[in-house]
Structures are given as C-alpha cells and as structure tokens.
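Down below are the structures I want you to see.
Next come two complexes, and both contain chain A; in the first it sits with chain B, in the second with chain C.
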Partner chain A sequence: MTEIVVERPSGTSAAARRMRFAQRFFVAVVGNYVFRRVLFFLFVVWLASTVIFIIPRLSGQDPVKEKLLLEAQRGGHLQSGFEDMARTYQKRFGLDRPIWIQYRNFILDLAQFDLGPSIAFFPRTVNDILMDSLVWTIGLLGTVTILSFVIGTLSGALLGWPRAPGYFKYLFGPLLTLSAIPFYLLALLLVFLFAFRFSIFPLFGGYGIGKVPDFSLDFALQVLRHAILPAMSIILASIGFWALGMRGMMVTMQGSDFMVQAEAKGLKAGRIFLRYALRNALLPQTTALALSLGTVLTGAVLVEVVFRYPGLGNTLYQAIRLSDFFIIRGFVFAVIVSLALATLIVDITYPLLDPRVKYRKG
Partner chain B sequence: MTSLTAATAARSSASSEHSLVVEDLRVHYDTPEGVIKAVDGVSLALKPGERLALVGESGSGKSTLAMALMRLTKAPGRIVAGHIYLGGKDITLLEEPEMRQLRLNEIALVPQGAMNSLNPVMRVKHQIIDGILDHVADRKQTPDSHELEERVNRLLARVGLSPEVGRMFPHELSGGMKQRVAMAIAISLSPRVIVADEPTSALDVVVQRQIMQTLGRLQQGLDAAVILIGHDMGLVAQFANRVGVMYAGKLVELGPVQQIFTEPLHPYTKLLIESLPNLEEKKKFIGIPGLPPTLLRLPSGCVFHPRCPSFIKGTCETVAPHYQEVRPERETSCHLYAGVRA
Partner chain C sequence: MATTYIEPVVKPGPQNWVERNRLRILPIYRYMRRNPSLVWGIGILLSLLLFVGYGTLFYPHERFRPLSADVRLPPSTTYPFGTDTQGRDIFAVMVRGIPLTLRIGLIAGGIGLVLGTSLGFIAAYYGGWVDAAIRTVVDVGLTIPGLLILILIAVNVKGGLSVDQMGLAVATVAWVHPARTIRSQVLVMREQLYVEIARLSGVSGLGIVFREMMPNLMPYLAASFVGSVGAAILASIGLEALGLGPFDSPTLGMTVYFNIVFSSVVVGMWWWLVPPIAAMAMIFVGLFLIASGLDEWANPRLRKRI
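The block that comes next holds the complex of A and B.
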C-alpha cells in the first residue's frame, strides 16, 4: 500500500479546519457540558415530581371520597353503597395499592407523560384537558412575553443611550408607572374601558360564544380580537420591567473602557449602539427572558381568570374549585418541566451569546 | 506678553510644519462644588515623527488632555477655550460627524486600560475591521472580505501577533496581547498622531518594555507623532524625545528629554527627578513635601508655591508665572526665570 498524500488547496484546508473544530466542539460540548446539563434537568424534574407525589398525601384528604361526598351532597342523600363505591374508584385509580407501588406507577406514568385521569371531568384524562388549554396559554403568553421583551428592551436601550432623540426620555415616567401596576388590575381597567364602556373588544373568552374552533380565517380573526385585551394588559405591565433593566445595563455600558475605545475608533453611532452597547447590555436580559418564558404557564392565571380565557390558568382555577387533585398535579408537573427546560436552554445557549462563559466540565 | 511661546510659534506655522498644535487649551468640569480646571491653558506643538511624553501625578490633567485631543471629553467636562490644530485643521470647531471621520484616520488612541478596551463579545479581527469599514469614504470602495482579512493579518503581524489571534476573543488574550491588538487598531489607518494614554499600566515590566519598543517601531514606520501619557519616568526617558511636565492642569515645563533629566528648570521637575530611585548610589529616598492641590481650590499665584522649596515671597503667592521659552527649546512657567529670555 502506498500512502497517498493529497495536497490541499487553501480553500479546503479552511473547510477541514472547520470540520476539525466541529468535531472538537462535539466532543467537548456534547460529551461534557450539555450532557451534564441534561442529566441535571432530569434530576430536577424527578425530585420535583417526587415532592408533588408526597405533598397531597400528607394532606390526609381522600380526593375520591371528597368528590363522592360532593356529589352525594348535591343529590341530597348518602347512598347505601357509598363505601363500596369509594373503594371501587380507589381501586380503579390504583389508590388502594401500597404507597411505593403507587409511587413507582406514578413515576413510570410520568416518564410516558401520562398524568392519569381527571376526577372532576372523568373519564377525560388530565393530558387531554391540559393539552386543550395549553395551546391557548402558550399562544397568548408566549407571543406576549416575546413581544414585550422586544419592545421593552429596545425602548430601554434607547432610554439609556445619550444620543437617542430627546423625546425618548418622556417614556421613562409612564414605563415606571406601568411596571408598578399589577397586570390583573390593568386587565380589569382595560375590560372596564374597552369592553364595558366602549364595546370595542369582547368582554371575555378566547373566541365568540357558540363558535366551534376550526382553521378558518374568520375564526383566526376572532381569536385575535379576543386576545388583544389580555395581551395588552400583560404587555403594558411588563415592558416597564424589561425597559428598566435594559436601561440600567446600558448606562453601565457607557462607562466601560470598550465604549470609550469604540468612540476613539471613530465608529458610526449606529454600530456603537448595536454591536457594542446593546449587544453587551443584552446578556443579562436574555437570561431573564428565558426564565420568564419558563413561567409562561403560571404567568397569567389571574389575567386568564379575569378574561375567562380558555387557557391553563382558567383550567387550574376550575380544578382547584372542584378539588381535582390530578389536574392540579398535572399542572404543577407541567410548570416544573417548563421551568427546568427554560433553565436548561439558558445554560446551553448562554456560552453562545457570551464567549467568556465556557462550556467546561462540571 | 509677546515672548516666543509654543503657542505663538505654532500660530505662525500651524498648518505646514506641525502634526498637532495645542493652543491655550482649557478643559473644565462643571460640578456642584464648583468648576474643576482639569486642563488649564496648555500649549504645545508636535512635529511629524516626534515623541512627546507628558508626565505628572494623578489628577494633573494628563488623561483629560488626552481625551480632549480626541475630542472625547464627556460631560460634565467640556473644552471651554483654546484650539487644537490637527494637520492645520482646528478640530475644536468641527461638527461631530466630521470629527468622527478624523478619529482613527488622523488621530488614534492607544487606550489606558487595554484589559477592558476591547469588546468582550466580538472576535479581534472584527474589532479591527469595523474601524476600517466605518472610515471608507466611498461606499463603492468598500474592501471585500478577502482584502479585509489580508489587512487584518498584516496589521497583526506588524504588532507582532500571529493571524490566529484575529479569530480569538479578547478574554483569550494576555494583557500584553490585548495591548498589541489595541495598537494594531490604532495604526490601522496610518494616523498622523497617536495618543498613547498610559499604554503600559497594568502590565508587568518585561511586557511594558516590549510594548514600548513595538509602539516606537510602529511610530517610526508611520512617521506619526506620538503623545505618550504616563507617570513612569524611566519608561518616558527611554521612549520620548521631549518631555512635558504637568502639575494641577498646567504644563510647568517642556524640553528635550536629556536636558530635562540632567538639568531640570522648574522646581517641581527638579523634585520629581530627585525622587527617582537611583541604581548607582544608595541614598535616602526623597519625596515631594505636601500634597497636590485639589483642583477646586487652586492656590493663588503659582499653583506650586505651597510646596516649592525656591518660593519667592511676595511674588509666587500673588502672581501666576507666564509659560515662556527661557532657553532654546526649553519652556517653563516659573518666576525664577522671569527675567531670562531665550
């Protein structure tokens, strides 16, 4: 066998270098950092699941009996086979088994994202119920969170930029005020003004009464019209938060040496603003964004209740009223997963945003 | 007062002969406690290829002067009077967009804290390139990425760095390397004047020497004038042709480096040089008695009189001395030389 030596032109050697880099990247990052992060994520989810398994059992209440008693009260008398009935349901839900078996089944079910049956809406499953409302919440709150992040961060950046047009400083007062008002109060105010006083927008709901959800343009427009007030209440209340944080970071950036040097280099103002000031001030903001995306599910329970929006918050509210432990548990589990997922995403993407943070062992 | 000071000499030949002429420059900070005169009537002139060092204690106005030369004085500071001629053009009168064009092109800064003077989230080469790109006069002449890459590599080579450094982030570089990158940026458009504001602070002695040698080599290659700001007399002695001594916002003495060290004229300069430790003979360490004045309440008359050993009673505390040429190429502001004219 003779060895074939290939003379590479400089173009391919750059490609080869990139390839080698990609390989090293894979080994170093995936082999270590990301893998560890994912393990940690699973650990957190397991721990939290265990906690939500134990806590309801410490309350001493029996959800099946509670539910049956409630029904019996409504019916006006206690049926004779009450104890039998309770036992049958407990058997059906697996609540008669020893606690460790229950725990094992619970974890196994969770691993397959099976959150069990609903008690209040039996025989519908918790998965079914949560999924129905999840779409609404993520659709509304996901969009709203990102929108308010973009608007708030940009206006904050301009507030903290000495060379921004003078009228921007008048934004500061209103933003500060709005950020101090809880969004559910803002929601009430908006409902009163724009739905009750001037009937511009609908009072409540995610779409018109009597409509069946479908994929028509008409329905989409209805959804949009119904979403405007809840969205506005959250956006108005939270852009102040983003703007104030960003403004503070921008002011800090002005004092740093690299900003002076950027000016000494005679760079165009736009480049200094975007690539130097904003880019660096954005780092803490993105962490906050990821974390607030993690709390999207719980973020606006009150707003959903005010607007009777068919989202998770409203479902949770119903579940608590009907003491449907399984739905509550499923909801908490979803919150845990989404928070842990957000943290995981921050951990993994942050080194891409800030080169000083390295993917390193541990 | 019609003696031949740097200012008057400059006015006559501001355009042709000198790269940089500073005329009676005053930079004041308006504070709630009063006006701080950080630079108070400084005049100097630099020829192409000349190396001038400005020395003085902290708070003597060196860095304020450096920032004023770049016209980067930040509020509450402002240039209240005086002129700065850069290649014959008075930059104190320029609009900001015009001034922006001159920065890096005509006058470049090698910053003080090279540790933090690079953008932490940008690769080194992009930080060299963006300065070049933002000074392209005509959009059509924008160099392509290949040409830019080439220019970056050449610049890095000139400051003694390998092309790999271009792909690195600032935090991956040592202090000396960062300072070299800062120098590569400063020379990227072959400026007429380089302002080096304590370029070696925060570096160790060995690296300091290397950096100064590199700066010297670059300056010779460009035939640029350099203003070196610092307080390390040893470093200054090795690097500069001329030395200016600043005290409380004023230039108290200016002259060729050799003469300043062997025969200082101003009492402050004398004390400054006597306070330097000497390797040859073992002697008692001498400091300068007293403290530098607060710039809010400057002493009457000569600002140095409360600490001056050669204090002339009746004159020094009442009359401010004129800054004048007392010998060929030697300028000072001191009553001891009031009658002496070059």
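The block that comes next holds the complex of A and C.
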C-alpha cells in the first residue's frame, strides 16, 4: 500500500506565505551581487576603524599627553599642573572611560564621519583640515588617473598590435623601466631637472607664494603651472603599468576567433583595431583600475610631499611632524573609506561593461 | 724487424675551463639568451652588491655619520659623491645604506612569503569557512594600501622604528599578495593528475604539499618572493620619506627624507639627491626584471611576450 502524502496546498496559511516570502527575499537580497558588495564595503570600513582603534592602545602611548609634553618641552618648562591638564584633556576626549564604551563611541563617531578635533590646531576639527586639502588631491589625482589610463592603454594597445608603426616598439623599454620606478623618485628627478636646472616650472606649492585663492583666470593658470610637474611624475610612472597590461591582453586577442572572422570579412584595419581588439582587451584594464587605486593614491601622497603640494599628502606630512595623531588617524580613515567606496563603485558598474559577468555571483 | 713503439697519442685536453665545461655551460648560456630580463635583473643587483662590497673593503665607510666631514662639499677625489648639509660622506652613506634597505626588504619579504604561502595553502587545502575567512581578509588587505597601516604602526611606536623593527612592521602587510597567488595556484594544482595519484597511493597531506606541490610551485614562490621584497622596500621607503623611519640609520629612504627636509634641490646639491635615487631605481628595476624573468620561467607559454 502506498503511502499517500497529502501535500498541503502552499500559500494557504499566513505563516507559510510569510515563510516563502522570507525565502525569496533572502535569495533576492542576500544572494544579490550588489548587496554582497555593499556588505563587503561596510566590512572593510568597520575592520579599518577597529584597527585604527586598536593599534594606538596596543602601544600604550597617550597621544594627548605626548603632544602636551612636547609642547611643554618646547616652551622650556614643565608646568606644575601638567598632570591635571592632561587629565582634563583626556576627559574632554573621553579617554578616561572603560574601553568598550570608548570603542562604541569611536565607531559611532566614525559612522557619522566625525573625526574629532585636531591636537596641533586645536579649535579646528580634523574634518575641516582634511576638507581643505581634499580638493587639491582629488583634482590632481582625478585628472592624472584618467590621463595616464587613456595614454597608457592606447600606447599599450599599439605596442601589442602587429600592424602598428615600427617605431612604437622602441617605446617598450623606457615604459618598462618607468613602470618599475616609484612615483616620488621620478618626482624628485623632475624637480631637479625642470624646476632647478632649467627653471621652467615652479619648485613647489600649489600656487604662487603670497597668492590668495580666488576664481580668477590668473589664479587658475598658476594652479595649472604648479600642477604640471606633480602630474607628470605620476603620469610617466603609471603609463608603463597600463601599457604593459594592455599589451599582454592585445597579444592574447590576436589568435582569437572573432579577430580571424573580422579579418576574413575584410574590415578596415582601424575598425578591427578599435572595435574588435581594443574593445575586448579593455575589460581587464578596468578591473586593474580598481585594484591599482590604492597604490596610485599612496604614491600620490608622497609626490605631494615632494612638491609641498597642498593636498592630503602634505597635510599628513605636517601632521607627522607636529605629531598630531588625530589628523593622522583621520587621514587613514578617510583614505580607506574613499578607496573602499571607489572599489565598490567599480565592482558594481563592472557587470554593465561586461555582460558576461552577472550580478548574481561575485 | 724492430718493433716500433708507437707513442700513444694523448690528445691534450682543452686547457681552457670554458672549453672543458662546454656541455655544462651551453644550456645555461642558451637559457640566458632566451631570458635576457632575468640576466639583466640579476646583473643590475649584482653590480649594486659589488659597489657595496668594494666600499665596505676599501672605503672609510665610517664617515656615514653626521659631522665626519665638511658640509656641502661637491664631489671630489676625497669624497667621490660629495657631502651633505650635516657633514655625512654620501659615498659612505650609500655603502651603508644600500644593504640596510635591502635588509628591510629581505626581512619583510621573507616573513611575508612564509606567512602568505602557509595561509594560501591552508585556504586552498581546507576550503570551506577557513578558505572564506582567509579570502575575505586577503580581499580587505588588497583594498587597503599597506602603507596606511604602516603609518599607524610607525606613529605609535615610541622613539621610532629601528631597521629590523621596520622590516617586521612591513612584514605585517607583505603577506597579502603571496597568499592570494599561492592560493589560486594550489587550487589549480589540487585538481592535477599527479596530486590525485599521490593521494591515491596514500601519501600524507604534508607529503603531498612538500614533495608533490612545492617543487612545482618553485617558480611562483620565487616570483612572489621577489615581488614582496620589492613591495616591502617600496613601503619602507615611503614610510621613511614621510619622516617615520629610523633616524640613526643611513638607509636610502632616510637619505631621501633628509633631501626633502633640507630642500637639497633648492640649494642645488644634486650630488646629494642623485645617488640614493639611482640606487633605488637600480633596485626596483633589477627586482622588476628578475620578476618578469621568473614569470617567463613559470609560464613558458608567455615566452617572448615580455
């Protein structure tokens, strides 16, 4: 006798319906590519904040006290109420509470992007100071990244293209060498050659000395003139990176079926190059763009130090010299958040560029 | 009939060492011809080491300390690279600084490689949640530039980092890339027939790892090592250029830092700026060439591409 299983018609009871909805919701949202990327972004930011919280406490150093001590030594004498003063500051910064409360407050503050007050420039906040320099860094880095990506990718494509003019292959050696040299070494060389030897460009700064930033044409030209050397050092050093990657991809494209088909159809060389080879070789470059952002940014920070360019790098350098731990901490946090955000954006837009990558699986 | 004694003809063997070992040298020579970047890379690094060796033996390299010479002297026969603002002999600084910088790279790269390889093996071998955890941490590590974490560490160490501490600090971020490379290689390798056969013949897990997989991973390990040494030196120089390096050691990065602080370019002291930059460029280009040479060794299919 067969057992008869009476299957309950699904969707009758409210509980079952709710259950099914939860299931679908789970599959749709949690299994979703975008959701997982966002989750990863939040995870990166949380982990970074935790590391930022833990490292100073492992060292057992008290940033406020250190700074006060330094100031007192500079002033030549240690005030009698020094310990009291340090305690007052600690209370002000909430450093006298139990550690988990400190951690909770820290994370809450960071979640609202409140990076706290600066120690060296006390009434000003870290947000305020970072914002001032952020504009310069974004302006420089944005332009430079786009320029070097375009130039590097194009020259790489021509390097890997058998029908390109012969003299292109002489570019290969110099590009290879440049790609191995860090940005700021190149920056130092450029400063030496073009600012000192030939005095074509200014030695340092973001605009002329004694200028007040305004929106005049004169000021814009000055900014441009000051930006050329820093930009050149980043562009020259990173062109090689893009060119090498692109060249490799172009070479693998050569043997593929769609290239043979395009040739057989008798398409013009330019069309094959742009629409068939370049278009397909471009995809991995975009992934590389996301991965290289961190390297480019930290490299650019050092270039800014070399040129005393008024961006984030110079702010960091000053903060280190003044041992202003809060600015350093704020800098690290801000950079990590913006990098994670940039990676998130590239990750989410990537499937739009490459339909083969589906949103479902990461 | 007199028996004539025939003097046995002993062909004189080739006196030349090269002629005698022809069969041994030839394949090496052929490989070197095929892989010029490896040869160039090793050559560049060797020439740096020769410079250091010469300086250590025949040059009064104690003059790397401040105040051991007159200040701001341009290159001369006594001071081949001149002296800096604080009276260091720059030739002596180079002789002492190049090995120190390489030392930071080797410490960090070595620890990073061992740590990264072990984690890569563990992740690929055990799979499941262990793999998921390690992969997530590696992904986070790839998103966050190591230099940022290093800045936090260096700022919080009282009295600054020494050279060896610097190597250790850089090692904490140097394991990420090797871990990723080795993990993906082991994942591919695990499915290969020879691993399968070893497993079926009852070789233990560790036996498979060390006797079957390791030899095949050698080129990747070597490339990873060179890569992480380069990255570690890059990170350490970045840290030093920001003023977070060992102030009492004449590393290349500290020399660059003093160049920036004392604006050597503005004063026109090119002899102070050029040697550290040249040495660093040689280190980076050399390591890069070795890495791409090793790449060619690991993937012969890439041959003639780089």
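One rule holds in what follows: the second predicted complex is superposed on the first by the 324 of 362 C-alpha atoms of A that agree within 3 Å, B and C clash if a C-alpha of one lies under 4 Å from a C-alpha of the other, contacts with A are read in each partner's own complex, and residues count from 1 in each chain.
Assume a contact is a pair of C-beta atoms (placed from the backbone, for glycine too) under 8 Å apart; a residue touches a chain by one contact, two chains touch by 3 or more.
Note that this is a predicted model, so its numbers are computed, not measured.
Visitor: For A:189, is the partner it touches chain B (first), chain C (second), both, or none of the two (neither)?
Guide: A:189 sits against chain C, while chain B stays out of touch.
Visitor: Which partner does A:264 contact after superposing on A: first (chain B), second (chain C), both, neither?
Guide: A:264 sits against chain B, while chain C stays out of touch.
Visitor: For A:334, select first, second, both or neither according to whether it touches chain B, chain C, the two together, or no partner.
Guide: After superposition on chain A, A:334 lies in contact with neither partner.
Visitor: After superposition on the shared chain, which partner residues are touched by A:279: those of chain B (first), chain C (second), both, or neither?
Guide: A:279: touches chain B, not chain C.
Visitor: Which chain, chain B or chain C, ends up touching more residues of chain A in the combined arrangement?
Guide: Higher number of touched chain A residues: C.
Visitor: Looking at the overlay, what does A:158 touch: chain B (first), chain C (second), both, or neither?
Guide: In the superposition, A:158 contacts neither chain B nor chain C.
Visitor: Which holds for A:243: it touches chain B only (first), chain C only (second), both, or neither?
Guide: neither
Visitor: Under the contact rule defined above, give the chain A residues that sit at the interface with chain B and also at the interface with chain C.
Guide: none
Visitor: Where on chain C does chain A make contact in their complex?
Guide: Within the complex, chain C contacts chain A at residues 136, 139-140, 142-145, 147-149, 151-153, 155-158, 234, 237-238, 241-244, 256, 259-260, 265-266, 268, 270, 273-274, 277, 280-281, 284-285, 287-289, 305-306.
Visitor: Could you please specify the touching residues of chain A with respect to chain B in the complex?
Guide: Residues 256-258, 260-268, 271, 275-276, 279-280, 283, 353-356.
Visitor: Chain A touches which residues of chain B in the complex?
Guide: That would be residues 70, 72, 100-105, 108-109, 111-113, 115-122, 130-131, 134-135, 169, 171, 182, 185 of chain B.
Visitor: In the complex, go through chain A and note every residue touching chain C.
Guide: 40, 43-44, 47-48, 51-52, 55-56, 58-59, 61, 176-177, 179-182, 184-185, 188-189, 191-192, 195-196, 203, 244, 248, 251, 291, 294-295, 297-298, 302, 305-306, 316-317, 320-321, 323, 325, 328-329, 332, 335-336, 339-340, 343
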